[in-house]
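Several structures are given next for inspection.
Here subunit A shows up in two complexes: once beside subunit B, once beside subunit C.
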Partner chain A sequence: MTLVLKNVAKRVGIAMHIHPTDLRLEPGSFNILLGTTLAGKTTLMQLMAGLDRPTSGEVWFDNRLVTKVSVQKRNVSMVYQQFINYPNMSVFENIASPLRVARMAEDEIRRRVHTMAELLRLTPMLDRGPAELSGGQQQRTAMARALVKDADLVLLDEPLANLDFKLREELRDELPRLFANRECIVVYATTEPMEALLFGGRTATLFEGAVTQFGPTSELYRQPRDLITAQVFSDPPINTARVHKRDGAFVLDATTRWEATGALKELPDADYTVGIRPHFVTPMQRGQRPVAVDGRVLVTELSGSESIVHFVMGETTWVSQAHGIHPFEVGADARLYADMARAMYFATDGRLLASASDQDAPDPSARA
Partner chain B sequence: MNKTENQKAWLFVLPVVALVAFNAVIPLMTVVNYSVQETFGDNTFFWSGVLWFEQVLHSERFHASLGRQLLFTGTILVIEIPLGVAIALTMPRKGVWLSVCLVLMALPLLIPWNVVGAMWNIFALPDIGLMGWTLNKIGFDFNFTRQPGDAWFTLIIMDVWHWTSLVVLLAYAGLSSIPDAYYQAAKIDGAGRWAIFRHIQLPKMKRVLTIALLLRFMDSFMIYTEPFVLTGGGPGNSTTLLSIDLVKIALGQFDLGPAAAMSLIYFLIILLLSWIFYTVMMRNEEQ
Partner chain C sequence: MRRTGWIVPTIYIIFLMLPIYWLVSMSFKTTNEILGGFSVFPQEFTIANYVTIFTDPTWYMGYVNSLAYVSLNTILSVSVALPAAYAFSRYRFIGDKHLFFWLLTNRMAPPAVFALPFFQLYSAVNLFDTHIAVALAHTLFNIPLAVWILEGFMSGVPKELDETAYVDGHSFWSFFLKIFIPTVAAGIGVAAFFCFMFSWVELLLAKTLTAVEAKPIAAIMTRTASTSGYELGLLAAAGTLTIIPGAFVIYFVRNYIAKGFALGRV
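Then we have the complex of A and B:
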């Protein structure tokens, strides 16, 4: 079963909730919708499911046009951020509910529910009500209900967001196993770039109701098509600065400049936006081409294993994310090193011109 | 730090002790006091033990009033709870019409009880009242001041009109606390309208409906003003509910002893039934 969105758009009043979107989701694929809150992830999912009708465009399941087919007739299932279960039914009945609606034989229902409960480690809780379960177990129940009916399209709308940290990690580790060997299309919405990277698969980045890019997750991360995609797919946020290319070098400010190498040499002298992820900006000289940047420390966040330092250079604020504990005093001047070999270069309109891999490549035509 | 012992703290609880004493304990104790004594009105009292309690419990008049009271409360509960839920289900979820509906619903609750009684009294009068006159015009022999059935009909309609709104508002509050995702999930599962009501809306409204049931039970069991103004307990004794009967005994006949005993029995019945209601509801909740 392949799901194809053709030019699908959703307008409410004069507000475009989803800009015209083309997507092709293959059977057995794990697709991630990555975007901040209100980017349109849920709306897009509802359009895919048929819970909402697009204002224009078409939705195809294989060779069937389903734009106007209601959700009941589409064989989809969905898991929400809130733990949605029938409050007065046991866990068993909850998991069985979609099968009962489908009027499946009792033996078959029993067999399927038990298989599912085993897979999601719910077997000891089958007789309990949802109110007697922990948050993690409630969400497992909802997940089991979504999986039990062998839907063609499984939509997971930030299913881990309401769980506390430990449960979230636990369930996150289990998710890929649940969908292994299934022919369904999985769509997983999240606000966290980390989750997208962990799951791999394919990612669509969403920004203000528009899909900015769709492709293999690692490719999106390394070669975002534009600045917005890079920004959506970076946490802490990617550092950006306006630079000027002159005499074969990029100039950030009076003291900070670095040579253009590889494909970058071909870029004409002009203004560019340079983007560099926080973990390539460190207190120590690391990487192939560390360039010193000086700033004043705004905020420091220390966790057990890493330090995050926000510092301001002129009018731009950058973030450094480094392993180990690096004590910085707030308000003090600090020198950090940005590994410019890992930087991405964008045109002033946001288009990606060169990423890390281009700078070593001697031949500019090698880049597609 | 050392604790200093002093008795000043008592001063802080004094106001509330005084308040509770004056508005609850002392009046109740006065009633208890009357219920075990006999008086002939000259401020002399004689000990009578449980005589009044026995008398009340064996009195046919009390049984009849209690029976009418149970019938009244049972009837209005059977009508108001389902009707309230049904109206709440059909109310719009948002927009201007929601505000309009809420205001319309709240209106009857804002009207003083004796005004409600007076309104319905006039409304139902067979010669000049809109309802009474209309019913007679279309062929019903309707006269609530003469016929017990008509009196009951008017009484029930009046209470339904006055108090269904409360159930509606509570049920609506319960309904609006259900996240949209529940309805979507049910839709995806292919659940029908009835299944959504049975498995999502009803369980989610259960708590507020328990409260609604309790409130309506207690309130209707103690109802006095509206039937007093509407029918005064008549025709005959046909709409003499417990509270009306109590006032007749206490203030009409000035039988303080039996009236006090009846008050206490009345109070205990309400307490007991409320407790049973609550326990049963909460036990289901735990399951």
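Then we have the complex of A and C:
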């Protein structure tokens, strides 16, 4: 039960919604589509499901060409960002719907729906209508319907995005448990890099309708193939700056420079783009090779346990994200320290040349 | 403010209800009493007018005819409008917006424009003086209206509902009949109500296209008034009975209509 997209593309009018894409999703895998709104996540899912036909390319499922097979004849299920349930049916009938269409025996339907309802804590609500449920319960109903029929492919299109914070955390914890003993392919679309890191699995980063990279989530985070992947997979946005390598050192501006070490020594003298994640830019000297950067504070966001500071350096804006409360005054000059041992170096065309960050495990908890 | 707040609504309702009360009150009077003087309450209370209507086929068949073509028209309009409205709400096709607007312009033409051609055409195909003739003629303005109303309700249903149903394995028709139609039931109720009302009150086409067999009640009323002098009591009773179906239907759809107003389509 492997889903393979071969050179699948979707064009609407003259607009390319999905650029030619190759993907191979293994059975039992948890795959994440990560990208901003309008990056093409939903379109790609619709192509995978068969709700939409690609303009060109082939979709193979389980070694069978299914490009032109309608969605009804593929064993897929889908959960949307909006809470989609049949308003005229009870929760029980909502969950039972795919089984009824499949003409399953009444006893078996009852058994399955009750098992599913138990798993998703919907048992007391089975007789109610979807309109009488809270948002979280509505989405759990939709989830139950998607899971009750043992689909080969389960598509989750930002299922947690419309839930409030507490419910989102709750359901996010439940998700991996729901798929634990299943052979199905799960595809989960999200705009939040944090969610991708929490789920692990494999991630495909999408940017303007193109999959920039597909691979194990932590690998993508640590070793993004190019700058765009790194940018998609970073929240707050990754800090970038144009640097020049000269005499074995990288020069950012007149006052900021640092030695090239290790593999970086091999790079020829030229212009590069350096990328460094916000949590490696801190008000205090941290890490192995802190380099002072000076800027003017633009915005500060203080939450309970961390400080986010946006500051301007010349023409670029950088973001610092640090534990603890670090008060900065807006408009004031600030000195921060970027741990250059954790920076990534890209060629001017965006290719990743060296990532120093693979020396250590990434720090996904930095945002939590 | 609180103490005097009831005055304006009360005056409003009195003005609104006065003609209707007068009609109902007249229907229980004899024609002589109506012509003889001015009385707020019937002096000689009589139900003879109603008895006449319910026993004389030339009278009560008018209601039967009216109800027959109105129901036919409502069923026809709504069942044709449902797929059309679905197409307008779900698909983009060349000229869809223009077509949608053009549909609405059908309502702007006065029925008198169509009366004569319809009369000739319906006579030519032997549809003259049948219920279906009037029902078909009324679809001219009722289908656009129903499409307009239903499209508003359908566009309020996310297209993800359609997709979820397909993913569950429903075929298009299974989804449309078992899931979609119940979902937009309120819209169908509102559309049916307006089709009913407009067909019920329309007189010109109904009168032109019928002679005996399918003559609507309103046409019978005008005829009776002129033959045997002024039978005002009888006429008032017929008028009262004409109000009832509308009042009856509006009672059932009153909540849905509020929803239709909220969608800006009624």
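In this text, the second predicted complex is superposed on the first by the 356 of 368 C-alpha atoms of A that agree within 3 Å, B and C clash if a C-alpha of one lies under 4 Å from a C-alpha of the other, contacts with A are read in each partner's own complex, and residues count from 1 in each chain.
The rule is short, and it goes like this: contacts are C-beta pairs under 8 Å (C-beta built on N, C-alpha and C of every residue); 3 or more make two chains touch, one makes a residue touch a chain.
On a predicted model such as this, the values are computed, not experimentally measured, just so you know.
Which term applies to subunit B and subunit C once both are placed on subunit A by superposition, clash or fit?
The answer is clash.
Which partner chains sit in contact with A:Pro98 here, subunit B, subunit C, both or neither? Use first/second/both/neither.
A:Pro98 contacts both subunit B and subunit C.
For A:Gln82, using the defined touch cut-off, is the partner it touches subunit B, subunit C, both, or neither? Pick first, second, both or neither.
both
Applying the touch criterion given at the start, work out whether A:Ala49 contacts subunit B, subunit C, both or neither, answering first, second, both or neither.
A:Ala49 contacts both subunit B and subunit C.
Name the contact category of A:Ala196: first (subunit B only), second (subunit C only), both, or neither.
The answer is neither, since A:Ala196 touches no partner chain.
Using the superposition on chain A as set up above, list the residues of subunit A that contact both subunit B and subunit C.
46, 49, 51, 71-72, 76-78, 80, 82, 84, 86-89, 97-98, 101-102, 142, 145
So in the complex, the part of subunit A that touches subunit B is made up of which residues?
Contact set of subunit A toward subunit B: 46, 49, 51, 71-72, 76-78, 80-82, 84, 86-89, 97-98, 101-102, 129, 142, 145.
For the complex, which residues does subunit A have touching subunit C?
Touching subunit C: residues 46, 49, 51, 70-72, 76-78, 80, 82, 84, 86-89, 97-98, 101-102, 142, 145, 149 of subunit A.
What residues of subunit B sit close enough to touch subunit A in their complex?
Per the stated touch rule, the residues are 179, 181-182, 184-185, 187-191, 195, 199-200, 202-204, 287.
Across the complex, what residues on subunit C touch subunit A?
It comes out as residues 158, 160-161, 163-171, 174, 179, 182-183, 185.
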